[in-house]
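See structure below.
For reference, chains read A, B, C, D, E, F, G and H in written order, and residue numbers begin at 1 within each chain.
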Amino acid sequence: MAVEARPWDVKINSNWCKQCGLCVAFCPRGVLKLGDDGRPVVVDIARCTGCLLCEMHCPDFAIAVKRSE
Amino acid sequence: MEESRSRLYQGNEACVEGAIAAGMRFFAGYPITPSTEIAELCSVRLPQVGGTFIQMEDEIASMAAVCGASLAGLKAMTATSGPGFSLKQENIGFAAEAEIPCVIVNVQRVGPSTGMPTSPAQGDLMQARWGRHGDQEIVVLSPAYVDEVYSLTIEAFNIAEELRTPVILLMDEVVGHLREKVTLPKPGDLVIKDRKKPVPGSRYLPYAPGEGEDGDVPPLAAFGDGFRFHVTGLTHGPDGFPTNSPSVGEPQIKRINSKISSRREKLCKAEELFTEDADILVVSFGSSARSAKKAVKDLRAVGVKVGLLRLITLWPFPEHVIQRIAAGKLKAVIVPEMNLGQLAREVRRCLDGRAPVIGVNRVAGKLIEPADVIRAVQEVK
Amino acid sequence: MRKEFRLAGAGGQGLISASIILAEAIASRTDLYVAQTQSYGPESRGGSSRGDVIVSDSQVDYPEVTNPEYLLVMTQDACSTYAKDLAPGGVLIADSTYVKEIPSVNGTVKSYPISERAREMGREIVANMIGLGILAGLTGVVSLEVLEEAVMERLPKSTWDLNKKALRHGFEVGMQMAGGGEEVGEGTRA
Amino acid sequence: MGSDLTKYLRVEKLPHIWCAGCGHGIVTQAIVRAIDELGLDPAKVTIVSGIGCSSRAPGYMNFDTLHTTHGRAIAFATGVKLARPELKVIVITGDGDAAAIGGNHLIHAARRNIDLTVVCYNNSIYGMTSGQYSPVTPLGSFASTAPYGMVERPFDLCELVMGAGGTFVARSTTYHARHLTNVIKQAIQHKGFSFVDALSQCPTYFGRRNNMKDALAMLNWYKENAVSRDDWAKMPPAERGSKFPIGVFRDEEAPEYCETYRKVIEKAMEEVGAK
Amino acid sequence: MEESRSRLYQGNEACVEGAIAAGMRFFAGYPITPSTEIAELCSVRLPQVGGTFIQMEDEIASMAAVCGASLAGLKAMTATSGPGFSLKQENIGFAAEAEIPCVIVNVQRVGPSTGMPTSPAQGDLMQARWGRHGDQEIVVLSPAYVDEVYSLTIEAFNIAEELRTPVILLMDEVVGHLREKVTLPKPGDLVIKDRKKPVPGSRYLPYAPGEGEDGDVPPLAAFGDGFRFHVTGLTHGPDGFPTNSPSVGEPQIKRINSKISSRREKLCKAEELFTEDADILVVSFGSSARSAKKAVKDLRAVGVKVGLLRLITLWPFPEHVIQRIAAGKLKAVIVPEMNLGQLAREVRRCLDGRAPVIGVNRVAGKLIEPADVIRAVQEVK
Amino acid sequence: MGSDLTKYLRVEKLPHIWCAGCGHGIVTQAIVRAIDELGLDPAKVTIVSGIGCSSRAPGYMNFDTLHTTHGRAIAFATGVKLARPELKVIVITGDGDAAAIGGNHLIHAARRNIDLTVVCYNNSIYGMTSGQYSPVTPLGSFASTAPYGMVERPFDLCELVMGAGGTFVARSTTYHARHLTNVIKQAIQHKGFSFVDALSQCPTYFGRRNNMKDALAMLNWYKENAVSRDDWAKMPPAERGSKFPIGVFRDEEAPEYCETYRKVIEKAMEEVGAK
Amino acid sequence: MAVEARPWDVKINSNWCKQCGLCVAFCPRGVLKLGDDGRPVVVDIARCTGCLLCEMHCPDFAIAVKRSE
Amino acid sequence: MRKEFRLAGAGGQGLISASIILAEAIASRTDLYVAQTQSYGPESRGGSSRGDVIVSDSQVDYPEVTNPEYLLVMTQDACSTYAKDLAPGGVLIADSTYVKEIPSVNGTVKSYPISERAREMGREIVANMIGLGILAGLTGVVSLEVLEEAVMERLPKSTWDLNKKALRHGFEVGMQMAGGGEEVGEGTRA
């Protein structure tokens, strides 16, 4: 089954994020970077493959990766 | 099959039959003399009525399983004796805090510690009330006759369900092992109470007191009914979630206590004999009260103005009953019990000095004899 | 009316079971009140064994038997231990198969070779039923029919015949004893 | 993938009380994801826990949830399951909760093969009470009650549960979040007792005292030391060192307790003519 | 190293240092807030003095190991809080019955059940006395100041060893976590008591009372000393072997109780402030008593005739002290405590109606404030 | 051989309370004989037990003896041993005592490898309380709480202790009294935790309910079903049926807890200059 | 090492014996027989090999096998 | 004399530790009485953190700080939470590095960029020592020497120099504040 090359949305809930940095460390594509407040910011969404590594390693349920509508 | 409705039951057996009549469908226990027959009979009888018996790995687990089963919607019971009762305390406390209806039977034997496993005692009276950390009123019922074991077990379930609280049935070895006639009520004559359930579809706050009569007892949903609620032993708010706020926690702790203390008059059952005109009062409970009754009858027969108060509800303590009787002039109050004076201490507290309290005590397995009581009465006369 | 019975012997002689059957017969088939107790604990395992029954026309208060009016002893040990507790004027029934020496008591003594007779009937295990029968026949506290019903309720069908036979035999012996018989003690009949 | 897991969470209770970088959130997410991927009816899932940081998880999970006393979760869960066998009952516990005070309930539930899924959030420390050693703290590690280094030999929890007769036993780590989710799914699907030893970092108490500066360092440690079950079997013991196996160690069929007990009920009811 | 003898100690730390000064060389425990620091410090400090610390698998095992170590000759202690205290009850009962000297520390937190782990309470007062099945008096000491934690821990060991009995040190979270100055006595100034040992070579009856002062406390040999004696939790005779005889068992049960009850006056410590001429008495203990003290001082400063009785020994209950004070005319007795009235209940019992008892109660983690006490006094004035 | 064992007994307490034919006397004799053959100083032997028929044994044994609470013997023994490591501490326990209520202490002592010898008098029933099922009652057997036949799967106690990390684990039976004595000797000599699963007949409650008319019948059952460890390993599972292995299943060296803790003391004392 | 053919003594303590019969069943040489009271009696001491099977299987410490003096 | 101090901020800022050092200095090196308490529980883990000290010339009765005379706040959160509790006439000392908004209080407010200064000294972690020094210098409750001894007793040798430097700096700042400085509140000096 060929996966459609639809872009991804990475949503960060900064109220829940505790600035542990794991998401940034786990993203294999450099999509995320730590912002000034210690929370991740999406810097290159185009590179996102939707691998979910960031989401699954976030201890705070603070990242949601979804296909963009 | 049930032609005759009179049966010879052992106390422990009457407890099981009463429980099943009350709707008990889950029993988790661990054998211990002299309560073991309760577990054994449950293992036979429960599956016959579609219920579940399990012998857990210890008493702690038994009490835990009872809480779990009750939260999943079944009327649940466990039974034990001294050492096991000590072990159950932590999870009885959980049941009180989380407001889980259940019945705990303690068939008392001689303590402290392993003591005398096959000999009777009444040494767990205070433990039943105070065995757990933190403040928690608890209902404790104590039968003296086998037919009373039957009816009081039903009563224990009714109270547990109505007040969402653990209830302790405090028996003693004599009552547990004794066989007597029990006349079974016709099924329709039984009053059986069930826990209040929340209204389906409504927002459910499992610890929020409501309005009206018994409004202080929140309804209890069962796991699996779709309410998806949370239960914890941490001090919690009306929604069941933990709180660190004294102002949220305090009303909750007070409510679980006052659920019981505010119903003192309703909950307190006692048998009175010749108390109207007595100038000496004998107060007792359980099997000791049977000796006391014999003594009182014998003394009345020879004209001694003595009366008997047999406590059936031990906790909440029937202060009002004792005070009512003591309002007349009492020369003395005599308290026969198979311990070193636990009931006497409470009686004294309620009397506020209105009469001296004299204990008649035995602690190493010998039942108090009527003669012991008679002697004590004659000494104050 | 309050009558105390004690059935004492060795574990395995079925005396606790006999005491329960007696109590059950009374509980479910008469208007009398009854209280049955028994020995518990390590001493009841293999060793001695004791079943007590109190029959009364009102609710039993003090539930323990201290001075039985009727004492059935089926071992020498039991006899030696309990004979002294016999109520004044009570009846001591000794299984003469095993009880060889009876201390003097302040009541009536009846002897009968209960176990021997049971053996003759086929199985010594039914000695308890003969003993039970004797107690009933002697005291009239329950009828034979009622006892038989109680036996049938509690014991497996395969044993009914022999048990009922033993019971009946004992009952007759008991009735005879009530009518007189070998008195040994110094006391009067209960 | 990309499914909205927040519907299984009590979002109004978030953020949770766990420290930044704590692995317990990762394991909790794995459980919730497993439930989602299996398509379980949330009204028929009950989560039971004991006491510990780990045991606070159910409070954030939108099912029937029961936060019990320390070590007793499995015993409470046994009551829930027996009373209502149609429920999926998942136990969330910690290494202290499950294996120290609660060890007995763990082995007995495994023995009975009752259909519970136990996920042990194993951070090899008592997090909630601030870092005392647990029965799985490695020899030589430091803890607030092991100031001279741990001298008690640790349990291998999977070996323990297998020794007790457990029929499904697996291990994974928060580093292997996808693998972890998968073994939890298998565990939930297993008919009978299932146990997942989910290694979860406690940066605050275990990491800090044992030269792992943060959560990432701990996850990297898992990465470097975890070995697949099959590789482990082939590995000469001398080479094992701090390494440990992950994967499913046992997946066996055996009669499940609730079902067996059902038969007792049927037999008993038949005997008395109630059926 | 020890230049200065004044130190800042946390309550829990003072407990450990006091215990070590008393000779404690064995600690078995299980972590629980707010007592955990005691275990942690023992793990550091005990091996430094050649002693042994072990974190057991649970509280039951901890209490068991403490009994075992004490029988093998070491002074032994455990520490816990509410839930763990509930679990230890069965084996505390064993220690009472088998007469094993040891010290159990309970740093109280809010209950019931898991409650509020980091918040203070005094809800285990009655449990400390009555938490076990069967009759067993027990000594319970309750410090209010950190320096008192130090001295009272030593006292607890002394009593345990002298009376061959478990002793409970009942602290609360405030006292356990508070840091205050402790001025250490010079080693020579410490009074340290050790258990009486049997005479080597003599026939040893480990439960036979002897002659003379403290004759009711039999000497205790250590395992391995060559006496080859037997210890059991079954009711036993003077030789330590089980008995089924009430006449052998009863004296034994009564002796272990009267060992304590007969020493009430000797064991009861209390602090009195302005009690001679008080017409309102405040009775309190632990950290609540500190608020009470502040209130009493403030009220005295404005001329209110109020006095303070701060109980240091909670059990045996200082009936005689309360009765002595109540012999003067008291308008009321006010009892501030962080529970629903456990101490007040006992005070009422001893007063026999001589004065009304008014409780000042908080139960969800907030320390009672001086203002609460002042308000209560003003209401009765 | 032929040595007078009564010197290790409290003869004034005999006859004991056990039923005629009860295996517990045979196991007790085996322990006493092992002590004799090893030439241990009786003043340096402490016997600790829990509650049960089995646990009454120490009362008849002339050493320092401690009869504790149900299930807790190993925890009490841990205190004795740590306080006085030079003592030989032997724990006598039953299958209920050791494996039901006491299971947690058993596995933790095994894990710690503390130098205790635990002899479990395993009659697969609760004797003292009159015949309820225990965690080792075989499937399908009858017991007073298993009136429809046992439905819980039993532990294999040796597997359990090995799963927990036990370093010496063995099984024998009262039929194999000499073998039993020998494995107890080995167990006592083992440095570290040792466990002996000593199968012992309860004719009164187990035998009677399960078609074994007396003690002899039960001993014969042991004879017919016991298989040496090595034969067992070779036996195809399908043939095993009611058979079970006896022998020494594990005998490994590992650091002993008291000794390791000694080193902590030395280190700590050195640090503060006390040594 | 040649074992001397010394005879054996088998002592039965009838106060402790509980008549279980195990000793008799275990004796491989027919040395013991059950007596009328259900307790073992030595019927043929000469055949005794001192194997101790009787002693080791007696649950009541009621048998002692010793070399005769 | 009874004086209440509160040191509040975030976990990791070392304020509990500073409060203990203050109390320890007083306990072992002065004749004053002292009582130190702190925040416990989940909220103290990672989140906020609070150390309280009561100093008195007699034994401290009520051991809790309710209305501190001296309040050091090192986060905005701490300031917002506790400012309202300041005793009338008390002194609020704010770490202006993090505290940007100060509610009006019935006392004196002193601001100083504590954390910034610590960072400049080499490690922000010693901000707590600056804060502690300020409190001591401002109130004179203990001398600098005594505080330094307490630091050396509790902290590892490798940190002594930097900690003492920070302490000394703070002490000087505190003494200056005591001599006047930017008053913000409406109250008087304590």
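Heads up, the rule we're going with is that a contact is a pair of C-beta atoms (placed from the backbone, for glycine too) under 8 Å apart; a residue touches a chain by one contact, two chains touch by 3 or more.
These figures come from a predicted structure and were not determined experimentally.
Think of each touching pair as a link: the shortest run of links from chain A to chain B has 2 of them. Touch-path distance (fewest steps) from chain E to chain G is 2.
If you average the Cα atoms of chain D and of chain E, the two centres end up 39 Å apart. Spacing of chain E relative to chain H, judged by their CA centroids, is 36 angstrom. Distance between chain centres (mean CA atoms), chain D to chain G: 57 Å.
Those residues of chain A in touch with two or more other chains are numbered 18.
Along chain C, residues 41, 46 each make contact with two or more other chains. In chain E, the residues that touch at least two other chains are 33, 44, 47, 57-58, 60, 83, 90, 94, 113-114, 117, 119, 232-234, 244.
Residues 60, 81-83, 85-87, 89-90, 93-94, 96-98, 108, 110-117, 119, 121, 123-124, 126-127, 129-136, 232-235, 244-250, 252-254, 256-257, 339-340, 342, 345, 348-349, 351-354, 362-366 of chain E are the ones that touch chain B when the two sit in their complex. The residues of chain E lying in touch with chain H in their complex are 4, 6-8, 33-34, 117-119, 145, 173-174, 177-182, 287, 290-291, 293-294, 297, 367, 369-370. Contact residues on chain F toward chain B in their complex (touch as defined above): 51, 69-71, 100-101, 103, 126, 128-130, 132-133, 135, 144-148. Per the touch definition, chain F reaches chain D in the complex via residues 100-104, 107-108, 111-113, 135, 148-149, 151-156, 159-165, 254-255, 257, 260-261, 263-264, 267-268.
The touching residues of chain E, counted against chain F in their complex, run 25-26, 28, 44, 47-52, 54, 56-58, 60-62, 64-74, 76, 90-91, 94, 222-234, 241-242.
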